[in-house]
Structure formats: C-alpha cells, structure tokens
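Both complexes below contain chain A, partnered by chain B and then by chain C.
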Partner chain A sequence: MIISEFLKDLTRIEGIQAIAIYRSDNSPLDIWTDSKFNKQILEQVSVHYFQIFSVLESSLRDFHETVITYGKGKIFSRVFPDSLLIIITHPNVEISLIRFIINVKMTELLNSRQFQKILKKVPKKKMQFLDNKYLDEQEIKYLKSVKT
Partner chain B sequence: MVLVGNLKDLRLANIIQLNCMERNIAKVTVSSHEGTGFLYFAEGQIVHAEFSPYIGEKAVYEMLSLHDGQFKVEAGVQAPAHTIKRPWNSVVLDSLRELDEKTQQSAYSPKKISATLSTQKGIKNVFVLNYEGDLIDGNLTENINPHLFTFIWYKLKKVSTLFYTDNFSYAYLKDYWGYLFIIEFRASLVFVEADLNIIVDNFVKMIEKNLKSLG
Partner chain C sequence: MTELKKVEENMVFQLNQNQTPEEANLMHLEWAVVSQLDGQKTVRQIADSLSLNTKEIEEIFKKLAAADLLVVVNKSDESHYLPQEFFKTLNHEMTLLLGPVATIILEDVLEMMHQHREGFERNLLPVFIELLINQIDDQVKQVEFQKRIYPIVKSYIF
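On to the complex of A and B.
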C-alpha cells in the first residue's frame, strides 16, 4: 500500500521489476512487483542487505546505498534509520532517476503519519544479522579478519 | 597393441579424444620429469586417472598441464578403479579452460592497475585486493578496512547469484562524499574510489577499457 501511494512514480518506470521496503528487523513493510517477478527471491535478498549494512555501519565511511550490476539487471538498495529499500530493475533503467525519485518521495514516506503508525503497530524484534548462524564459513572468516 | 610417442608430437588432449571416440578399453601411461601418470578408458569415457598424489579429475588436469614427456597407449587394459564420473569432454574442457586462465593469470601483474587507473579523471584512489582481502596493489586510505570490503563484495556477489546468474559485472557503494566501485578483474578485486561528479555508466566503461588494456 505505501509503495503504490508514495512511490508510484517508481512503479511507473519501465524496467522496474520489484520494490520492497523492510523494517530494520527484516519484516516486510510493503512489496510491489511486476507480474513476472518471483517474489520469493526477495525474502533471501533482504537478509544479505541487512548484513551488508550492519557491517558497513562499523566502517568509518557512511555508505548508505549500494548498486549491483549484473548481466540481467541492477539491484539498488538504500538503508534508512528504520527501514531498508530494495529495487530490482532491468539493465536499461537509470539509477540516477531512481535516486532522484527516492530522495524526494522516501522523505515524504518516512515522515508520513501512516508510516510511523505502521512502525509502531508491531513491536520491533532485535535482530542480530551478523550472528554466525546467519553467515557461511567464508563470511565468518572475513568478519574475524575485520576484527583483528 | 602398444603405441609409444612424445607429447610434443601428439597432445594428451588428442590422445584422450581418440581413445574416447574409438570407445577403446585402454591404459595411457604418461612419463615426464614431473612424474608418471595413468589414464584408463572404457565405453567411450575416461574412467580413472592417477598422477601422484592425485587421482580422478585432478590427475587428468595435472597431466594435461604437461608439455613434455613420453606416452604409451596399451589396448585392452582394464581400469583398477572408477574415479571419474563426468563425461570425458567436460573433464578435458574444464581442465583446459582452467589451465588457460592460469596462463593468463601468470602473464598479468596486478601491480600495474593502480598506476594505470589513478591518473584518470574523477578517481580519488585505487587499490587491489585478492579474494582473501590482502592488499596486492595501491594504497589503502585510513577509513578503508580491506577485509570489511572483501566481505561486502562477497555478499553483493551472493545477492546477484540469487538471480540465477554468475555474471557479476560490478557493484558500487555510495556515501555523501563519493562512490566506491568494486570490479572483479582476473581473480582480484579492483576498488576504485571516485568523486560524486562522475557519470557512473561512462566511468565504468572507462575503467573497463583501461583494465582491458592491461592485457
């Protein structure tokens, strides 16, 4: 609902396949996809992003956005204080256009009473995304090296 | 019947192909200064290989990397074990591809990357890491922890594999000061820090062109 209300400009861009907003405990706040997109993929994607941004938090830089370009498309993500936004697109979609819309519309969304109400509705669970049980061996090894 | 020859005259890949196409039951012994190995054929496949200390596909790979040595083909010799299950052409092609990549790898020096890219417009810093997160070229700025960013690359790549592709082209992170690009290049990770004035698509094309010029 919140995507079709606040981010409808994004859903109208040709080549946008999916938009998902998650609360910081990885519960989905809203998901929009085009008819051909497999929604199940998103469930796995979001955990990875929460882990990425959890690790980036400990870096001395303030990275809040990532873009992956692969053969079939692009995956955009941006973290906000209480939420995470993920957008999946075809290769031809301009990330600068997405960024422009988000800069305006996400601020409106985050400040809206509707959004604040949704956040308050369900008590937030504290998630430890970097717990070893959510990581593979190689990831554990990398994180060990980060700490030493 | 026994056929004897030198690998310089007849490549091992051709000997394998011949035995498989002809569906021979045969044993091929390969002797070089690096050791002696055996290949066994039956029903149009390689069924077993030994090249100490390896057996199976790894032994085939090691033998295919030999450029010099003698070979002997003995017809009618049965394999003592069955250690190779994949079709012969997949085993040979994968080995040759891996050997080719290894050759290219040894010809290229990651030391040139930072010097080549650093002079380009919009670039603030370039550094190259291996997959373990060790610095192999360039300099790290104070706020960059190499293992942390290797972890980030690993995760971003993992995300892209969820979309049924192993074709990870590049990724970037953005903060209020600039971009950090992560580009895979010849079994190394090229990190390029750039300012916000760049146009991403053109910038990446320029980087890829420069990396290509390194051979």
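On to the complex of A and C.
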C-alpha cells in the first residue's frame, strides 16, 4: 500500500522487478513486485541485507546504501533509521534515477502519518540483527576482529 | 545487407516483412528477440524482458540488421533529446536556490559529461541530475533542489 502510494514513480520504471520495505525486525512493511517476480527471493535477500548493514554499523562505517550488480540485474538497498528498502532491477535500469526518486519520495513516505502509525506498533529497537545462527565461522571471526 | 552502426535503447523496430527469419540461421536468443519485434517495444524494453545486457542486445540487433530482418519504426529525435526549455527551467530553479553560481555549475556538469544543451540525450538526464546534486555542498539545499526539480524531471522521464 505505501509503495504504490509514495513510490509509484519507481514502479513505473521499465525494468524494476521488486521493491520491498522492511521494518527493523526484518518483517515486511510493504512489497511490490512485477507479475513475473518470485516474492520468496526477497525474503532471502532481505536477511542478507540486514546482516550487511549490521556489520557495517558494527564496524562504525557510515554506509547507508549499497548497489550490487549480478548476472541478471542489480540490487539497490538503502537503510533508514527504522526501515530497510530493497529494490531489484534489470541490468539496464539507471541507479541514479532510482536514487533521485528515493531521495524525494522516501522522505515523504517516512514523514507520512501512515508510516508513523505503522511504526508506532513496532517496538523501537536499534538495528542490530546479527543473529549468530546466520553466521559462518569466517563471519564470526571477522566480527570479532572488527570489535577489537 | 543493412549495417546498423549504433543501437540506441529508445529505438523501435519491426520485422521486415520482405524477409523470412527462418533463412537467417538464428540462435535461440535471437529468435526470442525476433518474437518481441512488434513495432512498439523499444530496444531497452526487449532487453529487459529477456534479461539481456546492453552488449548482448546490441550484438543481436546488429546481427538481425545484417540479415536485413529489421525495419526502423521510430528514431524520433524529438523524444530522444531534451528541449532547450528544460535547461531554462532548470537554470531558473537552480538560480533561485544557489544564486548566480547556478549557471556556472550547470555548464561545468555539462562539460564534465562532454555534453551540450543542444542535443542532450534524454536518457542521460538521471546521471546529469545526480551530478548536479553532488555539486551542491549544503545538504539542506540539496534536498530542496531535488524537491523543486522533481516534477520537472519527472515530466521528461515518464
């Protein structure tokens, strides 16, 4: 609902396959996909992105956005104080266009009463989701080295 | 044999009715592209629907053109380039926010992109805007600038 209302322009870009907004406990606030896209992929992807941003936060690195190119397209993600946005696109989609739309429209979304109302229902906690069950030995080792 | 020098993403083709693709010894993906040639979809839309990257789609279109299977439907310059009016409006909005330095910033970014106001390709607009935003140091002004130009840019993109 909030995507089709606030991020409608993103859904109009040819080649945008999926847009998802998660709250800070990794539960979806809203998901939009084109008809061919498998929504389950988003669930798997979002867990990894929470991990990525948590690691970045742990290492005190000021990263709020990532763009990864893979064989079939691109994954854009940006973290906000209480939420995470993930966008999956075809390879030809211009990331600067996505960024421009988000810069304007996500501010409207985040400040909207609708979004604030949704957040009120969520217990406020810091984004720190590094659950050891998702980590392999290398990752645990890396995190230890970052913390020391 | 027709040579297609450059395949642009906004070009639209249809199948040449005087040729039969069966004789062209096409590969699977080339057939997939042929099946999408409806005289309406742009090269980019076809690439997206088949998950092909720029290089792949360009090679396929060049091969199809070489086999004389393509007819250009639309290469509209009008829709391909940004009108001068856009730069005037942009310059005006930037000047309101940044003062006389706006024109200098605008020209600097155009130079950085090796572009001119005349013949500025529409598909370069998002990158152009991003570069302009990066030239504004004040974050509050960055936000304000994006908010102001959003409806203008949107009208040239969609």
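Quick note on the criterion: the second predicted complex is superposed on the first by the 137 of 148 C-alpha atoms of A that agree within 3 Å, B and C clash if a C-alpha of one lies under 4 Å from a C-alpha of the other, contacts with A are read in each partner's own complex, and residues count from 1 in each chain.
Here is the rule we use: a residue touches a chain if its C-beta (ideal position, glycine included) is under 8 Å from a C-beta of that chain, and two chains touch if they have at least 3 such contacts.
Everything numeric here is computed off the predicted structure, so don't read it as measured data.
After superposition onto chain A, the modelled positions of chain B and chain C are compatible, with room for both.
When the shared chain is aligned, chain B and chain C each come close enough to touch A:Lys72. Aligning the two complexes via chain A yields an angle of 80° at the C-alpha centre of chain A, spanning the centres of chain B and chain C, rounded to a multiple of 10. When both complexes are overlaid on chain A, the residue A:Thr107 reaches chain C alone and has no touch with chain B.
Contact with chain B, but none with chain C, is seen for A:Ile41 once the two complexes are overlaid on the shared chain.
In the superposition on chain A, A:Gly15 makes contact with chain C only, while chain B stays out of contact range. When the two complexes are superposed, the chain touching more residues of chain A, out of chain B and chain C, is B. Of the two partner chains, chain B is the only one that A:Ile52 touches; chain C does not reach it. By the touch criterion defined above, A:Tyr142 reaches chain B but does not reach chain C. Superposition on the common chain places the nearest Cα atoms of chain B and chain C 6 Å from each other. Under the contact criterion defined above, the residues of chain A that touch both chain B in one complex and chain C in the other are 72-73, 96.
Touching chain C in their complex are the following residues of chain A: 9, 12, 14-15, 72-73, 90-94, 96-97, 99-100, 103-104, 107. Those residues of chain A that touch chain B in the complex are listed here as 41, 44-45, 48-49, 51-52, 55-56, 58-73, 75, 88, 95-96, 138-139, 142-143, 145-146. Interface residues of chain B, counted against chain A in their complex, comprise 133, 142-145, 147-152, 154-156, 158-160, 162-163, 165, 167-177, 180, 200, 204. Chain C contributes residues 9, 44-45, 47-48, 51, 53-54, 123, 126-127, 129-130, 133, 143, 146-147, 150, 153-154, 157-158 to its touches with chain A in the complex.
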